[in-house]
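Encoded as structure tokens, here's the structure I'll be asking about.
Letters A, B, C and D mark the chains as written, and numbering starts fresh at 1 in each.
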Amino acid sequence: MELENKKLTMDEFLKTREEVLKTWSTGEQVADLEKNIEYARSIPKSKNFALKLKKAKHNQITLTQPRAGVALVENHIGLLRYLSEEGEADLLPTTIDSYTRLNRYENCELGLEESRRNGRSMLNGFPVVNHGVFGARKVQENLDKPVQARHGTPDARLMSEIIHAAGWTSNEGGGISYNIPYSKDAPLDKTIKDWQYCDRLAAIYEENGVPINREPFGPLTGTLVPPSMSNAVAIIEALLAAEQGVKHITVGYGQCGNQLQDIAAIKALEQLTEYSLEKFGYKNRIITTVFHQWMGGFPKDEAKAYAAISNASVTAALARVTKVIVKTPHEAFGIPTKEANANGLKCTKMVLNLMADQKSYMSKKLKEQLNIIKEETECILDAVFDAGKGDMANGVVEAFKRGILDIPFAPSKHNANKILPARDAYGAVRYLDSGNVPLTKELKSYNRYMLEKRAIVQKRPVDFQMTVDDIFAISEGRLVGKPDFSKR
Amino acid sequence: MNSKTIVIGVIGADVHAVGNKIIDYALTQAGFKVVNIGVLSTQEDFINAAIETNADAIFVSSLYGHGELDCQGLREKCDEAGLENIILYVGGNIVVGKQDFKEVEERFKKLGFNRAYAPGVKIETGIEDIKLDLNIDK
Amino acid sequence: MELENKKLTMDEFLKTREEVLKTWSTGEQVADLEKNIEYARSIPKSKNFALKLKKAKHNQITLTQPRAGVALVENHIGLLRYLSEEGEADLLPTTIDSYTRLNRYENCELGLEESRRNGRSMLNGFPVVNHGVFGARKVQENLDKPVQARHGTPDARLMSEIIHAAGWTSNEGGGISYNIPYSKDAPLDKTIKDWQYCDRLAAIYEENGVPINREPFGPLTGTLVPPSMSNAVAIIEALLAAEQGVKHITVGYGQCGNQLQDIAAIKALEQLTEYSLEKFGYKNRIITTVFHQWMGGFPKDEAKAYAAISNASVTAALARVTKVIVKTPHEAFGIPTKEANANGLKCTKMVLNLMADQKSYMSKKLKEQLNIIKEETECILDAVFDAGKGDMANGVVEAFKRGILDIPFAPSKHNANKILPARDAYGAVRYLDSGNVPLTKELKSYNRYMLEKRAIVQKRPVDFQMTVDDIFAISEGRLVGKPDFSKR
Amino acid sequence: MNSKTIVIGVIGADVHAVGNKIIDYALTQAGFKVVNIGVLSTQEDFINAAIETNADAIFVSSLYGHGELDCQGLREKCDEAGLENIILYVGGNIVVGKQDFKEVEERFKKLGFNRAYAPGVKIETGIEDIKLDLNIDK
């Protein structure tokens, strides 16, 4: 497949489009792109995701957003209304079900039938492609806050067509972040190309007066991803989106757990994204940030889950991110009830309000962590760019082959799986083994040094067992894994 | 090495890979031969792997909520494929939402699973059980 | 009444003691001081409050402690067991009922009868004096963690005799902190003298091999008390206790809500306490700290209450206090169920664990706040000392008369009620009106300046309405009051 | 000024002073003559203050949990003292623990209170009610 980091021409785009719309029956409903845009333009500005984020950034406010999606349109609207009103959510999601994510629309059809028969959702999300643009429009029409699609779809082209045509003004995902953590064998060049399409589509709306927000999925596998690795991916996806003409980009980061490292990571992410966009000549982009509350295994006890939720919210507030994706006290068990979901939101909002007029102040330690993350990220970004011989898109494909980009615990066979992460004595995530990630010698020894310190404190060797223990740490009620956590 | 073989994998359209890697590591550490078919695996993938490796047990993981749908008929298909005595365990977040686990367990036992595990159960529990069920001394 | 900050002689002490033990029938059970101490010495070290705090300080661990007390011995033991096991509390309390606090033991007798009849507690705490030393011993004997008496008793002499004789190795309170916020007209010279007795009693145990911890009640009215004012009181009570020979002192502080100010306040408190004890020649004291989670009006929604609890716990962890007094999700309503109480504990413990290996790092802003609080506190301390012509005890009495010490919203008629506190734009508590508190001109203008900044942001005058709005702020889900909070 | 007099205070062994000060401020702002007997007040303190000042209403606060005990018999004592028509309100955290407020309200109405308020109710609600009950136009 021929891949290039270059804005798709209208011809290319339209040619692909024809194919895309044929992949499911609801495609033809959105055949008229101009009409779609016209409809989207008719949605009041107050429901525009991009504009709401921009305003929040300007006012230094942190917004809340839940995850939520059920099979049937009416129930989905009811759920989102509840989260908006009772949960005081600022931004609304539509979590898409797992079949749709794999373009298995026939399975959805069955799931929908079963859901109708049983009167409750038999799907783990909202099958937006099956509902088509009219179902999707009903959703945004019946809600007074902006709606975003949140999914994990390697090929989200048809979905993107439908959601934007329905006036949903934000789309989560990217060619890397919705492939490597979400797929076993989707080829990277294909997912990057497919997401170029989604980006270009968003940009076409933007160019025609409908601001659209795009959000690379920051946390990836949500499990001990070193900040520089997830930041590198987020920045690359921002660059790829910018090339297609996307203006509103929200770069994301999943809480690692050490407050200082998390704040440093968010600052680093914001600064390096802006710097890189400038550097590559993408002007006037509106960069906002999203912080994901702890994305790994959650504690089962609800009081402890609230602790994890609030602790993350304090970090979000201190780091002054633009929005927070909220977990719920049911996280360890399963898809939350609407009440549990609202409780997570209210808890988060309360912390954000309590901390609204506060922020973190620069200290020597913060500066140090900020620099480490930036240096590591730049090592990675430069190597990716080089690997692509100056083309970021090809660079990504090559970088995954060589293990320059390497995401811990990813299911994808295109992932090298060579790096090993572990926490240092303070809970910050470090490279235990940096595999083929091209860190400088200094950075490698820094990572090693920090882990040796933990080894001494915990009287244990620096090895994979550290990683294993760390995976269970938070659900066991600690941040740094103890030698016996995986055995309990 | 105790010479017993276990097929592990994550069933259905489910990509949760972390637990799967941990289970692989822990079973191997415990001396089993592990055949890991990874995430996004179909019932057929499990059965084929079990036949090919002459496995003693299958550990199905399901995290994403569609577990009940994805597991229906697995026991019957095993029987048809001549795996009448194979031990079937299932674990993860095997149903949608927070449910009473006693009932959930019942449902999966009816589906033909020998054992079913509640959310976040440590794999060590599964290892103890399988040693029991396969008559492996500690 | 003749008052002096001087260690009571054994004669004085014993003379008073005779009177004290006569004030209720259970007094005679503890007549033999030596036997009491002998019994206390027999309690295993692992149940010693002072030693557990000392160890925690050494290991830089933060301990949790709930509030809890019911009328009947068996039920009380059951409750504390539950909080110890299910709630994972590190230190146990016994909250004493309000009648006992006012030495109305006859009322307790009725309350006990009613409680027995109804099978549930009709008192808001454990009437330890009525239960006498044998009841109190049962409590500590049946629990494997140290127990402390927490009350609010202007005259706690008999209570102190009973609890220490029962092997309870910590006593909260002080001549100021258990008078001004807890009483309408108890004379200050009397409560100071009465607490000299309690301190001397603790010291006698200490001198005879039973370490006893004493804890001045830091938060006072729990409502917008400027950190320098509560710190001044805590330090004075530490000095008064030290003079009587007390070795283990826990100085306390109630969360104000601005994280930076709170961390600065705790650091200032710890540093100034140690400095002052040194300065006045009290050597080898073990100073630990206690942080009270938000002591003012709480949010009613439980998810929001969890937010307030966790947010406070993050501050506690970052400030590395020795212990945290924990609120519950029922706080706004009433005395919590044991489950709600355990939930508050678990939530707190989880946050402390997540933050266990982390701390706050010095920044320019933190240094600034630290200095402001220290300077203000020293202004107050010096003036109190001068007012007493070199005697701290007399200084306190005189200082309250003149309004040098002045506690917002205190019920006591001995309190000048001249100062007005309010939050600045960042939520830090400042002196809106410093009344007769002898701050330097610079400090006064700093306080004023910070409030003017808020006035500009909120487009309102600097006046009492700010204070009123701030009182409702947290229960309304904000830190800094908005112009309409008191009206909702 | 609307020339109506209200006695306020906190009953029993209760020292919670913050709400009391806020109520004083708010009622005064609203034009009432406020007689504040403060915390730690007995039933007699309330009644004496009401007689002395010829008050139209008594606002009892109770926060600390003994409210139900402390308030028993107040209406009867008022009647005996010749304050037959005086309006009695009670508010704060008037019972122990988190209870269904409908029932709590019933209990206090049986004790002779005209109105009872749930935890954390804004004093403005009380002001609206008393204006109604005393026929004061807005």
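Following the convention adopted for this analysis, a residue touches a chain if its C-beta (ideal position, glycine included) is under 8 Å from a C-beta of that chain, and two chains touch if they have at least 3 such contacts.
Values in this document were obtained by computation on a predicted structure and should not be read as measured data.
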| Using each chain's Cα centroid, which is most distant from the centroid of chain C? | B
| message | Nearest whole angstrom, what separates the Cα centre of chain C from the Cα centre of chain D? | response | 30
| task | Starting from the mean Cα coordinates of chain B and chain D, work out the distance between those two points in Å. | result | 65
| note | For the pair chain A and chain C, the C-alpha centroid-to-centroid distance in angstrom is 45
| request: Can you tell me which residues of chain D touch two or more of the remaining chains? | output: none
| said: What's the contact topology between the chains, one of line, ring, star, complete, other? | reply: line
| remark: Per the touch criterion, the pairs are A-B, A-C, C-D
| note | chain C partner, complex, touching residues on chain D are 12-15, 17-18, 20-22, 25-26, 38-40, 64-66, 69, 93, 95-99, 119-120, 122, 124
| field | chain B contact footprint on chain A (complex, rising order) | value | 98-99, 101-102, 104, 107, 111, 121-124, 152, 181-184, 221, 223, 296-297, 300, 330, 332-337, 340, 409-411, 464, 468, 471, 475, 486-488
| remark: Per the touch rule, the chain A residues reaching chain C in their complex are 257-260, 299, 301-304, 306-311, 313-314, 318, 342-344, 346-351, 353-358, 361-366, 425-427, 474, 477-480
